[in-house]
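Here's a structure for you.
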Amino acid sequence: GCVGANSTDSNTGAEDGPLAPGDSPSGEITILDDNTNQVFQDSTIAAFEAATGITVRTYTQGNFNDLHDRFATLFAAGDTSIDVVMTWAGWTAEFGQAGWLQELDSAAVPDDLIQPALDAVSWDGKVYGLPKFASVQTMFWNKNMMGEADLDPEAGPQNWDEFVEAAKAMTTEDRWGFACDVGNPAGAYQNFLRVLLLNGGDMYDDEFRPIFNSEHGVEALAKFAELLTVHGVMDPASLQTTNASDLGDQFARGSTGMVFNWPFQYAVATAAESQLDTESVGNGLIPGMSVRSASIDGSEGFAISKFSQNKDAALAWLQFAASAEVQREIVEREGWFPVSQTVLEDPQSREALPVLETYEESTQYATKRWGVPWSNELDQLLSVQISDVLNERTSAQDALDSAAQQTQELVDRYLG
Amino acid sequence: MAKIELVGVQKDYGHGRKAVRAVHELEYTIEDGAFVSLLGPSGCGKSTTLNMIAGLEEITSGEILIDGERVDDLPPDKRDLAFVFQDYALYPHMSVRENIAFGLRMRKVDKPEIERRVADAARRLEISRVLDNRPRNLSGGQRQRVALARAIARRPKVFLFDEPLSNLDAMLRDQTRSELKLLHAELGATSVYVTHDQEEAMTLSDRIAVMSHGRLEQYGTPEEIYHQPATEFVARFVGKPKMNLLPAVRTERGRFAVAGSALEVDLAAEPDELTIGLRPEECTIHLAEGEGDAVGTVRVVEPLGNVSDVSIDLNGHTFVVRTPGFASFRVGDPVSVDATAARRHAFDPETGSRLGH
Amino acid sequence: MAKIELVGVQKDYGHGRKAVRAVHELEYTIEDGAFVSLLGPSGCGKSTTLNMIAGLEEITSGEILIDGERVDDLPPDKRDLAFVFQDYALYPHMSVRENIAFGLRMRKVDKPEIERRVADAARRLEISRVLDNRPRNLSGGQRQRVALARAIARRPKVFLFDEPLSNLDAMLRDQTRSELKLLHAELGATSVYVTHDQEEAMTLSDRIAVMSHGRLEQYGTPEEIYHQPATEFVARFVGKPKMNLLPAVRTERGRFAVAGSALEVDLAAEPDELTIGLRPEECTIHLAEGEGDAVGTVRVVEPLGNVSDVSIDLNGHTFVVRTPGFASFRVGDPVSVDATAARRHAFDPETGSRLGH
Amino acid sequence: MAVLLVYLLAPFVWMTVYSLYPSTALQTLTPDLDPRQLRLDSYVALLSDPTFLRPLANSAIVGIATTIICMVLGSACAYVLARFRFRGRQALLLSMLTVQAIPVIVLAVPLFILLRAFGVYDSLIGLIVTYSAFILPLVVWMLVGFFEEIPPSLERAAIIDGCNRMQIMVRIAVPLAAPGMAATAILAFITSWSDFFLAKVLTITDAITLPVRTASFQGLFAMDYTSAATAGVITAVPVLVLALLAQRWIIRGLVEGAVKG
Amino acid sequence: MATTTRRPALPGPRDSAGRGRGRRLRDFRFGLLMAGPALAIIVLLLGYPMGYAFYMSLYDWNDKLGGHRPFVGLGNYVALLGDAQVHAALGRTLVFAAFTVIGGVVLAVLIGALLNVDFRGRTVVRVLLLVPWAVPPVVNGIMWKLIFDGATGIVNAIGLGLGVFDERVQFLADPDLTLSVLIFAEMWKLLPFLCLLMLAGLQGIPANLSKAARIDGANAWQRFSRIIVPNLRVPILFALVVQTMWSLKVFDTIFVLTGGSGGPAEGTTTINFLAYLVTFSNLDRGYGAAIAVIAMLLVLVFAVLWVVLLRERPKGARR
């Protein structure tokens, strides 16, 4: 994409207020997406162009891991060549607070959006984009292994104790009952947040004071660490697994009994190269500690660059991607969850993607992400503490106290 | 066609207070067609002088004239001269043919003429067969010839040589020296030849400019240099074995005794003290018959085949005599020296300049 | 104390089919206390021989005995010898003092003794004042002395020298040569000296081993080598100017004519064709008076001061005569050569070996 | 020595193996190296994937162009530094080496702004110019060493033969330094070809280079080891071939200049 | 610096006072014409950003605070001094540098000495030394990940197969182990170059030096330690200086090996990588720039340190 320097356009007048849908937007837009979805490239763009008359000049996919740095550089330099960028909970808060994303007027936001998906594109009460798919972790298990361990393959563990027992039963010489991905900072944060919510805790109070070092938090982290250190049911490789896809592959290889993973796990586990198939993959709610269940959100969406020269057209794309038509395709062709309640409740969707059932169930329980401007810093510092706990260099209490104190400094810096 | 005049030529390296004078007030004329050697020990300013003539170094003061014209501001390639370097400076990435032709091509000589000249130069130096080789595939002697061929192909007015033989081994050096002499006789171009080897200078030159510490010590024919050295430095530097130079004091009018020894020499000179110079090959020795006859003892005998050099300890001073054949003297033999047949040279011990005729 | 015997010593470099024989069947004895030179052109195997004596190279076959004991399996440091290298091989990171002391320290000589010996060696070679310098800050001559001092401080039974003077300039070389000879006289240790300079070999040695292409050509005293060269190679290699070697055919019994020229030589020899050898300094020339007298024309005259070398064109062959003083001959002069006073040498043109006495 | 050889080669060989076998065959305790399992699928796939070919072409273009620019400008600059004495020369030379100490990180953002200002962000030209700036100091540093090794008498001979300064450089100095120049050129190429960070920051789409593409096989939801290994092999092979072809010069050029005291 | 001694003063055309002013001017113009473009590019594309980076480091320049970026002077640098994260990164950097630079050079000298001995296949080994050198860092990262992965890596397969390990070793799970793997990976890449450097140096040492030492009675180790090593001073110094620069700059390998995180638990976050994280992940550009400037100073300090440590004693100095 070439960079048009400081051209002033009709749209800049609306820069200060939230963006509402305009009448019949037109022109060109440029989209920079991650490479999670193929469906846009395959059919959505054509459909969008046909429906709106807007041209998608370029639609580019970048590697998720690279995008953050690119966006940061692009925005910092006020680049006008990109109209639509992919976003998710962490970036929405970060780039939104930096003033790089266009706030949307409530008129532009569909009203049947599922809350966690909407959260992923909002920060500080403002909506900065629209979700393109919803993603929530659920539990997957290997029915074969369950059976071999004399457990009921159809019913997954209902609470943490059952989960631990099941994991123990499934752990053998070269197989593990459980595996996760705490290898990088984001993974460390996710795994902690998940157990924190499972134990009824939370990250912050209403005033954004960190409270994750509460009793709930400490107990949750301790129990999580025990999987590795006491029960020996967690694959030690979890400590070096840096992404969900490695975890997914691992599960698909049949060497891990249970994982908590994103929806795509189903597709991976039932793919041709996998050791498992539709019959042998079990799916259900993540078993809770002090609550029945909880989960973490990983929904993605699109946002409009503050420096876009054609925000109306960009908004049209956001809305199109969130529309039922596109959402159905995402569910059917890619296995992600829909962002709208309507599509979720559609039986047709359920048929295409059995795990949707679990998802729907999970919406009753806490599903959070806590995307904040200081997400990166937080992930980083938390990962150090959690690694220390997992390697038994410190206690869960000390680790979380230290993390909470550092987090407070971050909160003060960014919200103070 | 090419007379080179040096008029008060000086050269300083560096600037201001750090300036070092490498060459002092040179003043002499190299006649057209002459072969002149610049002779002197390492660092005495020979190359500097040659480079100034070539235009590779600027002159600090003074003038250089070629055929009466000042060339100070003429770049080297306008002075119509060729230069043969000590390391030959052959272009390693060109064939011998291209090496020889390069200077002509740069001067836009036309192709057939270049070919003719290259062929001619190669024939003269007997390197026609290696014209297509790279220098690195040649022997030392062949490289030397290529360097010469490159110079003569240009047919310049002046040839400048900077120690062109010093990278050859002894046998090849002697042979090439003779050939160089023949070549000069054929071509007749003015040649300036830098060397630190007195033998080369003696055998090749019409005239020799002996230099020391950036100054001219003597400018003359080989015979003058050898028989009438103008300074003690020249006397010591020219001739092999080295001239015996000994402090002497006057014992009576016209008679001098070599310091503390029984060797006495007749010499028509004024001062009370002087340095006396006697060439080893003009003296003779014989075994001392009695005590009184002996003036020294043999320290070292160095047979060279047809002659032997005998070093004698003359009361602490070494005195060398060249004797014919394998000398029968043995180390420790008492001997007496006969210098009556020897040409006498005398020098001022302070200034080193020649005394008398 | 140290007699060195070489018995059928051979050396191959490389293995199997790629093996190259660098030294062939050497067989001679170096007497205790003798100074023996290994003389020959570059690549003839001199250094290889020396290295085998030192133990730095393995012997392929044959034996080397020192004082009657086989040393083949003895490492160099057990053979009690010192080595002076052509490039001196001074340790650049050590001071002169440390350089000299290193060999003693390695042998665990005690400190005061080391100091004594270093001081003594330094005094003898007049380098006491530079003991604390690094080699790189020394002149070539000083470095050479340090290398010698390092050798003598060790007080070994045998000294080995590999062209120790060849990196010095002419003057320094002559001077150091004399000193080396004195040093040997004082120390009296067996010395083996490698050189390609016949003058060095002649002046320094008790005996000379002339080598060519890895083979021994002759082993004898300087006088034998000079006056009775065993092969044409030795004749050509030893003596300066080079011996005139010319093909000759028998004209009548006991009389030979140099190929195609009027020069005739009396010689008691059998074959019809041979190579005749005449030393330039034993022949004389004079200006041809009439046509019939002339045997050649002067090509080059090279004055050396006390003598001049005159090259004559003898019907295509070059013949050199050494004449006294600055010769009065001019290029092109017709001259006749007189070789009656010259010792005659004759060689088999095929094998190169000496004919007759 | 065998140990050394294994040490040198084994890692790369293993990566090549990885690219040739389905990862399921290798990610076990007993890797299954049955040659029947061998397949070139991933190579075929990558080499027919436009999103891979484009970066491949980009890297080649950027590498070659950078090398040419560096060699032309660098040799001109190095020649002057090698042959002229002026005040500050030493400092200038040293600063060429010191540039090596600059962490690229610190320059990324300002560079981005700079390139954007000139409208060459995410373009091959932008990358070429940036790489040139980073590689030039090293090139100059090395070439100065090579030029200084040329005996001054050769240049003097050329002066006598009638060359002007430019001719001396073009006809004498450059050909003579050819081995060193070759080594330097290869180094320049390898450096620009291998760079990851700058390319990551200074490109988004159009000008993505091979290393960036290769690293991107580590996706969040798609860690494709076989493709990563394949891309790794494809990225490494051109430079390996170059390096091996020119190894004599490289060793001489890269190292000897640095060693001569 | 080592390199100052490297440039012998060559007799170039020199000018003398009073004369040759025209020539000097010509030379000057020529020099400017030739050197100008290269210098201009370098100054523009490196000099300007450097200055800009320093400028940034004087501000509290955090993009996530919106456009608000107050001038803080050396505030960022002061903050650095008390930042535990920076201290930890510095510590790691020193460990990493100590192993790769000092360890690398020591190993290189030893291996170089081995390679300098004549043996069959020596040329092959020398040529193959170039392989690691030519492998791009990104590929290097991927490669070692494939090898050391705790679940699927070949090292575990071999180790378990040979019974060296009892169970899988999680090389990339423990911060310290991961740093070791990183050091190992870097060593693999850098050692060959250092070895070549030493080889070239060794070949510059006259063979006679070793022979002389043999005659002097030094055994193999004494010859190596007392003769060879001291004479490798210049290449060693050069190796130390450039390797320090390269070691402290390592980024790509860390990035790829650790999935872009510098983890686990910051275990491989060197000072340089920290500068990256702070600048690009945290968007805390002022602070990141300050860290980078410090990283650069660190390199220069080390470079000077090496030169001082290894500088030759003044001539004539006694032991």
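Each chain gets a letter, A, B, C, D and E, in the order it is written, and its residues are counted from 1.
Basically, contacts are C-beta pairs under 8 Å (C-beta built on N, C-alpha and C of every residue); 3 or more make two chains touch, one makes a residue touch a chain.
Keep in mind the model is a prediction, meaning the values are calculated, not measured.
With steps allowed only between chains in touch, the distance from subunit A over to subunit C comes to 2. Contact with subunit A and subunit E alike is made by D. The highest number of C-beta contact pairs joins the chains D-E. Between the Cα centres of subunit A and subunit D there is a gap of 38 Å.
Taking each chain's centre as the mean of its C-alpha atoms, subunit A lies 91 Å from subunit B. Between the Cα centres of subunit C and subunit E there is a gap of 54 Å. Centre-to-centre separation of subunit B and subunit D, using mean CA positions: 54 Å. Among the residues of subunit D, those in touch with two or more other chains are 27, 29, 108-109, 113, 201, 215, 218. Shared interface positions of subunit C, defined as residues touching 2 or more other chains, are absent. Shared interface positions of subunit E, i.e. residues touching 2 or more other chains, are given as 14, 151, 259-260, 280, 285. The touching residues of subunit E, when paired with subunit D in their complex, are 1, 3-12, 14, 27, 30-31, 34-35, 37-39, 41-42, 44-46, 48-50, 52-53, 56, 111, 114, 119, 121, 124-139, 141-144, 146-147, 151-152, 154, 156-157, 160-161, 188, 192-193, 196-197, 199-201, 204, 234-235, 238, 241-242, 245-246, 248-249, 251-252, 255-256, 259-260, 272, 275-276, 279-280, 285, 288-289, 292-293, 295-296, 299-300, 303.
By the touch criterion stated above, subunit A contacts subunit D in their complex at residues 1-3, 5, 32, 34-36, 58, 60, 62-66, 69-70, 73-74, 76-77, 79, 82, 174, 242-246, 248-249, 253, 262, 264, 273. By the touch criterion stated above, subunit C contacts subunit E in their complex at residues 51, 54, 56, 75-77, 81-83, 85-87, 89, 91-93, 95, 98, 102-103, 106-107, 132-134, 137, 154.
Looking at the complex, you find that subunit C touches subunit B at residues 42, 169-171, 174, 177-178, 181-182, 185, 196-197, 199, 202-204, 222-223, 226, 238-242, 279, 281-282, 299-300, 302-307, 309, 311, 322, 326, 331. Remark: subunit D residues 22, 24, 27, 29, 108-109, 112-113, 116-117, 119, 121-123, 200-201, 204-206, 212, 215-216, 218-223 touch subunit A in the complex.
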